[in-house]
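Both complexes shown next keep subunit A, but they swap its partner, so subunit B is in the first and subunit C is in the second.
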Partner chain A sequence: MSFAWKAAGISYLKYTQICARAVRNALKEEQRLIAQRRDEQGLKFAKWESGKQGELKPIDSAMGNVSV
Partner chain B sequence: MSFFTKVARTAFNIKARAPARWYATEASASTSGLRLSFVLPHQTIYKGVEVQQVNIAATSGDMGILASHVPSIEQLRPGVVEVIENANATKKFFVSGGFAIINPNSSLDINAVEAFPLEDFSPEAIRANLAEAQRTATSGSSEEERNIAKVEVEVLESLQSALGSK
Partner chain C sequence: MFAIRPVVANVTTRSVGCQHRNYATLKEIQLRLKSVRSIAKITKSMKMIASTKMTRAQKTMEIARTFGATQTALFTNADTKPTEEGTTLIITVSSDRGLCGGIHSSVSKASRKHVQEKPNSQVVVLGDKAKAQLSRTIRNNIRLSFNQIGKATPTYTEACAIADTILNEKIEFDQAIIIYNYFKSVISYEAETIPVFSESTFSKSGNFDAYEVEDDVLENLHEFALANSIYWGLAEGHASEMASKRSAMENATKNAGDMIDKLTLTYNRGRQAVITSELIDIITGASAI
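And now, the complex of A and B:
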């Protein structure tokens, strides 16, 4: 059983997030504003090297691919 | 010792101990209907509510779930979940994806990421987003962007047909 997104290289988690975002953006005005708050991800990360914190990067919910 | 005596001896010994294995019991004739729990991570739509029938859009095909349905776990594709509470009340929700778990005791758990009644959607927004997604699907700059756009096109087309055939 192969799924289209698996063949395209997207994980199931990312696939469901994309679908959820597509549904949220299709709502009527007021519902959409409430729903889009769920889409935000305030997650940031930084790579530490030899005791020094590197650049603080946010995780982009749209692309989701974290490039370290 | 022949094989048969060995087996017979083991069988006799097993009978003397408490049963270590259960076999599925026959489904009892359910007096109650289908118990539905339809939940999202941020909201509970139905919790243990008795309904008559639920139609779901599974990746393996569209299904209608009644009481005493064969237990199964189904992945939902972006589509409509229709809850028929009784002969007069039917509610339709568009679900972005998730899973439906049909339990042996006639209870149905639907877990979805996003679900809204069809009235909450705006046809203009769908049309606009669909046009843009179709554009990106063919002329996006990266393979990843195009794949993401293709997924969005699928979802929005399903949403459009759900609204169209309301």
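And now, the complex of A and C:
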């Protein structure tokens, strides 16, 4: 079994997120607004290098940049 | 913010002094009373907010628990065992907000213990509070830290984003453990762990043959397992945090109430003392004529 999206360099989690977004977008107006709120995240992360915190960066919602 | 200083004792000893001072201290007590009253109001409303959030968080947690239990069942049935020499990734789940009792120190303590047992393990911290605590002791083990966590009920999108970032950073591990606060009941929580195994560890497990899986799927399973466990940990942690915040705020409100009573008593006593001494002055003055 091979996956087309894996060959395109999309991880399983990204793939599920994209699918989820597609389903959310397809919902009716009222449900969609509620569901789309679950799609947002404002997380930030920082890399640590030998005990030093690096720069704080927002998590790139690369999943959001992939057009559905 | 809600530190309670024993100012009452000071005030009473001073109020024995001269008349002039007495007036000022009465005013001091009055100011203090006012501030304690407003603090009580704040803590009370914070408690109300925490209770509503807790109900919502509990619902989310119950759903997340079902997902988590299914995954644990897979690993149990497959008889997956962590390898002794393998590297461990510790994911500490806490949040950014304080004022909720020992929630953050409970997970930090558990993580510290794990690091002591396996000094080469790597740590990923979710939430600012645990980061502050862990960066003091095991700063060199930290690889990633996340914040802006726990503002609202955790979503699966958040968990996915976290898991994806961890995987993108190419942190090598044979076993990941997620340390979170297990929601025992509204009044108690406990630091617990969820194990997540990498593909290689899982494929070495005892009953692996019972499942017919192809190699490609294993990687997906690993990614899903990580995100799913993080979601479970976040949901449980959030529910525990809200429950503990509720009881912390309830206690604070109760203590503020006690303090208000005490201060009112001292204030009234001081007021009466002033009146009495003024009366004595008048009477002695009158009888001297």
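The rule is short, and it goes like this: the second predicted complex is superposed on the first by the 51 of 68 C-alpha atoms of A that agree within 3 Å, B and C clash if a C-alpha of one lies under 4 Å from a C-alpha of the other, contacts with A are read in each partner's own complex, and residues count from 1 in each chain.
Everything below uses one rule, namely that a residue touches a chain if its C-beta (ideal position, glycine included) is under 8 Å from a C-beta of that chain, and two chains touch if they have at least 3 such contacts.
Since the structure is predicted, the reported quantities are computational estimates derived from the model, not experimental observations.
Once chain A of one complex is fitted onto chain A of the other, the partner contacts of A:35 are limited to subunit B, with no touch recorded for subunit C.
By the touch criterion stated above, A:59 is placed in contact with subunit C alone, subunit B being left untouched. Within the superposed three-chain model, A:10 lies in touch with subunit B and out of touch with subunit C [touch as defined at top]. Of the two partner chains placed around the shared chain by superposition, subunit B is the only one that A:24 touches, whereas subunit C remains out of contact. With both structures placed on the common chain, the touch criterion links A:50 to subunit C but leaves subunit B unconnected. On subunit A, the surface touched by subunit B in one complex and the surface touched by subunit C in the other have residues 3, 16-17, 20, 38, 63 in common.
Residue ranges of subunit C in contact with subunit A, taken from their complex: 135, 139-140, 142-149, 151, 155-158, 160-165, 167-169, 214, 216-217, 219-220, 223-224, 227. Put simply, subunit A touches subunit B in their complex at residues 3-5, 8-10, 15-29, 31-32, 35, 38, 63, 65. Residues 42, 59, 78, 94, 96-98, 113-114, 116, 120-122, 125-126, 129, 133, 143-144, 147-148, 150-152, 155-156, 159 of subunit B are the ones that touch subunit A when the two sit in their complex.
Against subunit C, the residues of subunit A that register as touching in their complex are 1-3, 6, 11-14, 16-17, 20, 38-48, 50-51, 53, 56, 59, 61, 63.
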